[in-house]
Structure formats: C-alpha cells, structure tokens
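Below is one structure; the comments refer to it alone.
Letters are used for the chains, namely A, B, C and D, taken in the order the chains are written, and counting of residues starts over at 1 for each.
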C-alpha cells in the first residue's frame, strides 16, 4: 500500500511537469496550429539561461526572471516572427517539420555553447516521512507550483478580457476579428505564455533532471503524449494528460518490465489517438473532409 | 521537376555519374556514395508515402531496421543476399500495411505521433529482444555478398539497386496507382467519389514506402558490416524526413537531392567542425521559409529563369 | 577594379608557396593522427572530452619536440555517435593515410572502425570499455583504460567479501555500455554465488528514478550495483538519499566520478566503485592534468579526457620501441610494452599493454566521502 | 421505364434540427430531376444522405430496387453512381486529360493491371472523346489548375461521366459558370443524358438553367418535398413561390 502511494505521489510530481510543458504545447497548437517538435528543447534553453545568470551571481529568483524575459523574447516572439509566421502559410505540417529542424539547431547550439556535460541545478532538498511513506519537498513544490501555474492560466484565460480574447482568437480567428480583437497580438501572447510555461518547467524539473543539451528529447516526447492523451484542443486536458501519464509511467516502471518502460507512454499515445483522438477532456473535432 | 517522365534520365544519369566518379575516388567517397544510394532508396519510399500519397510517417527508420536485421540475421545461415533482401522488403511491406491502419483513422499531426510512437516501440524491440537481434552489442562482421565484396563493387550494387528502385518508382508514379496516390493526397473525398479505393491505396502507400525502407536496410547492413539498434531509432526517421523535405517533398528528384545534402553537408562544412549540424538545421529552416518545395524548387525556378520561354514550372504542394 | 584570372592565379600560387615554405625546412614529416570521436549525438558527453584529451596530449608532445623529431597533427572526425557515420569518417581518415587512429569511444563505432583499421594495418587506440571489444582478436586495437572484464570482478569480490551482501539489486542503463556491463556482472555474480534479486533496466536520459528506487526499496536488498552514466547516477543517488534508503551503493567507475559527485550534490557519499585511472585518482600527475585541462577547456575532464591524453603517450612509447616512426610496426611494438611516467610523463601512471590489446594501469577501490573520492585500496598493474 | 433511385421517407436530424424531414421520391431511368429549394432547405443534406456521405437518421435509399442506405460513396460509385460537388473538385496538378483518366481508371481492369499495365489504363481515347464532348480538347494537356473557372467546372462535370455511370448527381453544376458558357454546358449535359442513357439528379439555384435542362423538378423546403412535377408546373406552384418569397 505504501509503495502504491509512493509511486502515485512521485508520478504526480513528474506528471505535473509534463502537464506544464504539455499545456504550452496545446496552447500553441490551439492558438496557431503550431505543433512544436522542439518543445522539449524549449525547456532546456531557459534552464541554461537560469544557470548562466546564476553563475554571474544573481540569486535564483532573479535568474528565473532573466530567463523569463529571454524565453519570452527568443522562444516566444522571435520563434513566432522568424519561423511560424513565414512557414505556417505553407502548411502546418511544414511548420512541424521546421520545428524538428529547430530541435537540431537548439540541441547543437547548446552543445556548442555549453558543452556536452550535464550541469547541477539548485533545488529544494529534504522531505518528510509519513509512516512508511516519504514525501520530498522538491516533488511537493513541483506539484504546488505546477498546479498554481495551471490554475492561474485557466483563470487568466477564463476571467480576463485578454484571456477570453485569446480563446476567441484560437477558436475562430475570423469571428474574433469581426469582434475587433487583434488576433495577431493574441497569437503573440500565446507564444509568450508558452515561453513562460517552459521557463517555469525548467525551474521545476532541472533540480531533478539536471541540465544537459539533449535533455529535451525525452521530456518533449512525454509532453506530446500528455497533450494528446489529455486532448489536443483543450488546455485543461493537457494537465490531466500530464498527471495521468506521469502516474501510469511510474506504475509501469515499478511493476512492469523495465526494459520496455519507454513503450508505455507510446502505447498510451497510440491507444488514445486511435480510439479517443479528442483526448480525455477534449471536444470531438469535426473530421477533416 | 515534378513530372517523372521528364526527369528519369536525369536521375539515372546522376547515378551513372556518381558511380563513375566513385570508381575514380578514394574509398571514403565510395562509401559516401554507397550510403547516399542507400539513404536515397529509403527516402524515395518515404517520399511515396509522404510526398505523393500525403501520409506522414516517422517510422521509416524502423523499416530500414527490419530490412537490415533480416539480412544481417539470415546471411550467416547461408541465405543468399538477394533472398534476404526480398524477405526484408516483404516483412517491411507487411508491417507497413499495419502502420497504414492508423492513417485510415487519423491524419496530419496525429498520424505523425502514432508513427513516432510505433517507431519508438520498434526500436525498443530491436534493443530488448537480444535473443534475436543481439541487442545493444549489435551484429558484427556482416558479410558482403559475393562478388560485391570490395568497396567499389558494393557501391555499384547499391547504385544498381537504386537504379532499379528509381525505375520502379518512376513506373509506379506514371501508372494509375501514382495518379491515385496523388488524388489521395489532394482530395480523398473526391477520390472516393471517383471510385478510388482510398483505404486500399492508403495502405499500399505505406506498404510500398516501407518496403523500400526494407530494401535500403538490406543494403545498409552489409555496407557498414555492423548494425545496432540505435541506428534505427528516431533520429534516422527524422533525418530521412528532412531529406525528403529538403530535397522537395512530392517531387521525383527530391529524395536524390535531399540525400545528397544530408550526406555531403558534413563534408562541405567540415571546416566548421562542430557547427555543421547546427548549420544543417538552419539551412532546413531557411529552405522551409524561402523554398517550401526544397532544393528541387530552387533549381526549377533557376531553370525557369534561364529559359523564360519554357513552360511555367508547376507549383509543388 | 578588374583583376584578370591569370594574375589572381599567380598571386594565389605565390601565397601558397610562401605558406608552405616553412614546411620545406622542417627536418621530419608530420605524423597525422586521426581522431574519430562522438562529437555530437548522445555520445557527445564522452567524445568531446576524449578529443580534447587527445588534442592536449598532442600539444604537449609537440611542445617537447614531438615524437623522435616528428611533430604530430591531429584531425578530429565526428562519428555523430552513429556507427554508419563512424564507418564513413574512419574511411575518410584512412584515405588520408594517418599514422595512427586515436578513438572512438562508443562500442558500436569502435567495432565498425576496428575492422577497417585492422585491414589497413593502422594502429587504433580507443576509449571503449565494453568487454567484447578486445575479444575479437584484432592485433591493431588497443584500449586506454581497464575494460569491464577488469573492473567488474573486484566489485563482485567487494560485494561478497566486504559488504557480505545476502542480496543485491542491479540497476543499469540499457545501452551498449550499460548492458555490456550488466551482462558481465550478472554472469560473474552468478559464478561468485552472489544473489542478485532485482535487475532493473533504465534509459539514458530518464527523467525520474523514483520507480527504480521504489522497486529497490521494496526488494530490500543489502546492496545496489549501479551501472549508469554520470548524470543518471546523480539522479539515482539523489533520490536514494532523499528516500533515506540504506543499501550499500557499489558501481561502475561513474559512481565515484568527479562529475557524478558534483551533480549529485552530496548524495554520492558512501558509494563504492572500482575505477581505472580517473580524474579523482589521487596521483599528483593526474591532478595536475585536471587543473591544466580545466584551465584550457573550461570544463572538468572525466576519465575519457584522461584516456585520450594517455593514448598519445602510448603512441610515443610505441614509436620509441619501434625505433622509428612507422605505422606498420607500431601495433607490434605496443604489445607487451610497459610504459612508465618517468620516461613518458603523459602516461601519468605505469601502464602495461597486454597481448590482446587490453591494458593494465592499475585501479582504485574508491569510496566517496564528504564529496571527495577517497582511495580504499590501490590495485597496481599485475 | 424502371425506377433507378428511390428515397423512402428519409430523415436526417442534427441535434434538434431536422434538415431532412421525411423526403420520398423516385427517379426513373433517363430522367433529369432538378432539385430546387431556398438556401438551408435541406438539399445538400439530402444529397449527402443519398450519396453515403452521411448516414440518414431514418428511411431508406434504394438503387435499382436494392437497399443502399448508408452505403459508402466508394461502394455507390462502384454501383454506377457518380457525382460532382458544389465546390470545384478537380485535381489542379494533373492535366485535364489526366483528370479524366483518373476518373475512369478504377472502373476498368484489375488493380494489378493498373500497376503493371498501360499508364493511361487504356483510357486516352475515351478521355479525348470526353474532352471533345465538353469542348475542352484545346486544353487537354494543360494543368487543370491553370484552366478558367468555367473550364474547370466543365471538366469537373465531365469527370462524373468517365465511368459510364447509371446515375449522376450534380451539385450546382452551373454555379459560377458565366452566362456565355451556360447554354453550351446545358447542351452537353442534355447530350450526355441522351446518348449515355444515364439518369441525372441536379441541385441548382439558377432557375432558368434548371427549368430548361430538367424533365422534372422537385422543390424542397424545410426538409420536406413541397412540389414535384413538370418544370413549368413547379415554377408556377404557389407553395413554391411562397417558400422562396416567405424567407
């Protein structure tokens, strides 16, 4: 029983990180049909920025803010202006392929700039025993921060003018334009939001995962899976998908054949796409005709 | 550049030039030309699936793997190379049909993710089922078939195979099947209303593309004479996809040129040492921004500019 | 501003002559050293350091006048951690008729290269540690460190005789390095009568080790045999400490490696490993190398950098044994050679080259204590 | 004369909206039935139900007396039902002739023969003949995407006839075609009807076109048939006028 609870908790913690990254992924795909295959690498970039700022003596919170700004500019606005805007008119698939190339660029850029070694990242140590169950503060802080971020995002999307305008733009750009919404600006805000989410994910996952140029591969795959499991067209879905994936992955690795642990999220992904393509929470989409 | 009947001589000529050049060059260039031929076969297959039938697949590397493992495992048992190649292609063909089934349900990005997931699982099988595949330690000392044991002879075998595949693809594309694939890509609903069996052609598009992956794998194994699972993991799938896109997806010459860029670029950018992958990525992005129809598009526009009187170049999707 | 092509050509050739002129005065030819290494892809962690180690060795040797008057020139080739590419670049390297090949590190790439260097009769000194590499009987292939067959048995003895482990759990990374080590460990453990109750495969780049740890915890083993890369070791050990687990940690050289110690932020304390020469080895020569390397490349050298550096010393010693710089006789000269630091400072510690291409330069039973690797026992070359 | 197509009490509901609400009619061999009705009257949904694009909620569709309700478009096409779409659906990257060959190729020979046989599936002559019929011979080798809208519309219609269909359903064939072409277009369709002996069902907004082309006209409003008879009778039917004016 205690093993069960323990597996569940650590699964939720790692799932919360997937959820953050997947949320950004869904935001982009919803807001601008950008299916970003470099999303995993987008998490590693701000992690390096935080480390760099930190190494210049800035405290971690200030480094985080620096990373937020850099990410918003580079992974948000520049990414949109230089890649998405020119390529999207050629087709969403072309853009996806371009993000695969971007992934190569980012990974090798980080390799050249920062070297192939992994770097340690400051985190929260310690934890507490509840009977036989051990809960570490890092996992707790991840869960809390991720949940807070997602709740805040949902409030922002649902309760504020800008949030509602973003949703309207994503659902029907033409109608939104008629309503006087600046759709282009809303799409830009979506990209900035994604940049903020990956930066937060970087802050949370790096103490566990460390910082290494090719870390984005694994984490990106998990985030895509989480987004699809939860429902591609639903921001809330990504959260459920992330948590579910984290938990299932943990249980599979604990109780299943470990050599095939990476197959579990993939099987889940296949099953969902084939039998419930709208995901757990997603609305059924009109089939492409 | 899109119409196979016009560029077939160009493709075959390219092969001949590559072979003749290779015969005069150093073993390294010979190896590169062989590798180019092998990748091109695989990319031609993917181009059928993606470029002509419009079905994205991130599992092409797995089919290269099936072909490579079939050959590497059967050759030591005295099975002739020609037979192992056919077996590898057949296995890939059948598994390609299976891969096609998801495409009947989902399209676009969803299809990309399903094929990516299946490719990941295929890699895990290659790696974990070591009773069959020798797992992570790989299969060593894969013999080249007699009389193609020397580097140059094997290069000719690869080029010859590519020539046959080129002819086959050319034939396929100008046959009613090629027309049906294009209809499938452009407008499946209209295609069905014209009596085109979208379901069967979708499966065939995957199966044929996969079979060519298998052929390329069969040639790949004795080329390097060693294979291991990580060679057939996702990076190869991405790399093959980029070859198709860089060359010009849905064009006949695209895979040839895309594979040249992929194989030759590290060579061209050697002076830049560690930076060439970075630059390769940037080149791909720039191509997608400025020439979505790839290198073929650039060449076609250049040719059109040189010969303004000639028929206008059709746009590629 | 038009310059005729012929004038341009003349100018260029003049420049070329001027540029190559000093070479004409050099007494002896330059020895070309090919360095195939994993400069990109998943192996970049090890390959880049290997290359830098070799390059630094080449510089040091050249600064002292080269090998018997020959300067060395190193050219790095990126295998992209991909055997097919490795095969291509080694061919490229061999086409340039190198004096020797130093590299690569990953097994797959080594196996591919070794077949070609052997055929060309070129000596290949590589960084691989997998047990099977020298079992092929290639007379031109050499290691630069102990192989797994040399480093794993001392750990089994330690588990059996010192820890008195009644049950052991094994955790390994499922790639060519980790799997080869795991296979060897499982076989030897069985022979030694060690009771391995759990055997957990993990992935390179695995995000969390919580399930692995929980599985280990549930299995209640006395000891854990950890065979993984540095960053995964760090992740594993951090989780291990946080959960307050008590099993003895014993593992491959990465467990007590400086990089793993740094990344695990104290969690590696208590871990035991048997390692060949590594950056934590308490030899003044090694520590001096580490300092110089860090100053030069701004990064910490792990054992791969040291291996690369020592490979150059092996080259030096081999040529001296031959008495002349001849590529053909180099491999034969290296077999059975003992290389000592008094004559070859780059070797840093005495090394014996064995008949099958393995080497023995001793190893340490190490324990991490207070964030430092402390030597429990030195096992010199036999 | 035998009945080719029959609809029996067809229904199609979208949530609470009854797009098709109990439509019954029959089309006899050789007829040209025009289907008219105001926008949103349910014509297109009716077409989609007849053609297997969407399954009807209730009711039956019979082809030559056999129940084909809910049968997929491909299967219906195999049984000799051909169609055009409201929006242009030619293949812009194929030449006009290739478009026609594509439209006919799946109806002759085996699949293997289509791979290993002639690249035109032996249809070049038939395609050329069709091009001639539709006055498109001069653009036979041009890419369909480069043709004028009217030419594409003609090609689109011609494609429906390549397989020698028993029944052709044309969805707004005259839509967007300029006046000068309309007359000849109508003559083409008439000629196809006369010589091929096939049966047409035509949805059309252009009243003059419908009235001059069709042998019978049916008007649909709010998902029901409100008039069905000779063109002139329907044109003058007060309920029809009411339906058009009332909205």
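By our rule, a residue touches a chain if its C-beta (ideal position, glycine included) is under 8 Å from a C-beta of that chain, and two chains touch if they have at least 3 such contacts.
Because the structure is a prediction, the values reported are computed rather than measured.
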Chain A to chain B, fewest steps along touching chains: 1
Farthest chain relative to chain C (centres taken as mean CA coordinates): D
Distance from the mean Cα position of chain D to that of chain B, given in whole angstrom: 41
Between chain A and chain D, centroid-to-centroid distance (C-alpha), Å: 49
Centre distance in Å when chain B and chain C are each reduced to the mean of their C-alpha atoms: 35
Shared-contact residues (touching 2 or more other chains) in chain A: 108, 111, 259, 262
Sequence positions of chain D contacting 2 or more other chains: none
Junction residues of chain B - those touching two or more other chains: 127-128, 189, 274, 277
Touching pairs - complete list by chain label: A-B, A-C, B-C, B-D
Residue ranges of chain D in contact with chain B within the complex: 51, 53, 72-74, 77-78, 82-83, 85, 89, 91-94, 98, 101-103, 105-107, 111, 114-117, 119, 121, 143, 145, 159, 162-163
Footprint of chain C on chain B - complex, ascending: 26-28, 31-32, 35, 127-128, 135-138, 140-141, 220, 223-228, 230-231, 235, 266, 273-274, 276-277
Complex contact set, residues of chain A against chain C: 3, 6-7, 10-11, 14, 17, 108, 111, 115-120, 125-127, 129, 134, 136, 138, 205, 208-210, 212-215, 217-219, 222, 249-251, 253-254, 258-259, 261-262
Chain A to chain B touching residues, read off their complex: 29, 35, 83, 86-87, 90-98, 100-105, 108-109, 111-112, 221, 224-225, 228, 232, 259-260, 262-263, 266-267, 269-270, 273-274, 277, 288-289
Residues of chain B touching chain D in the complex: 2, 172, 174-177, 179-180, 182-183, 186-187, 189-190, 192-200, 314, 317
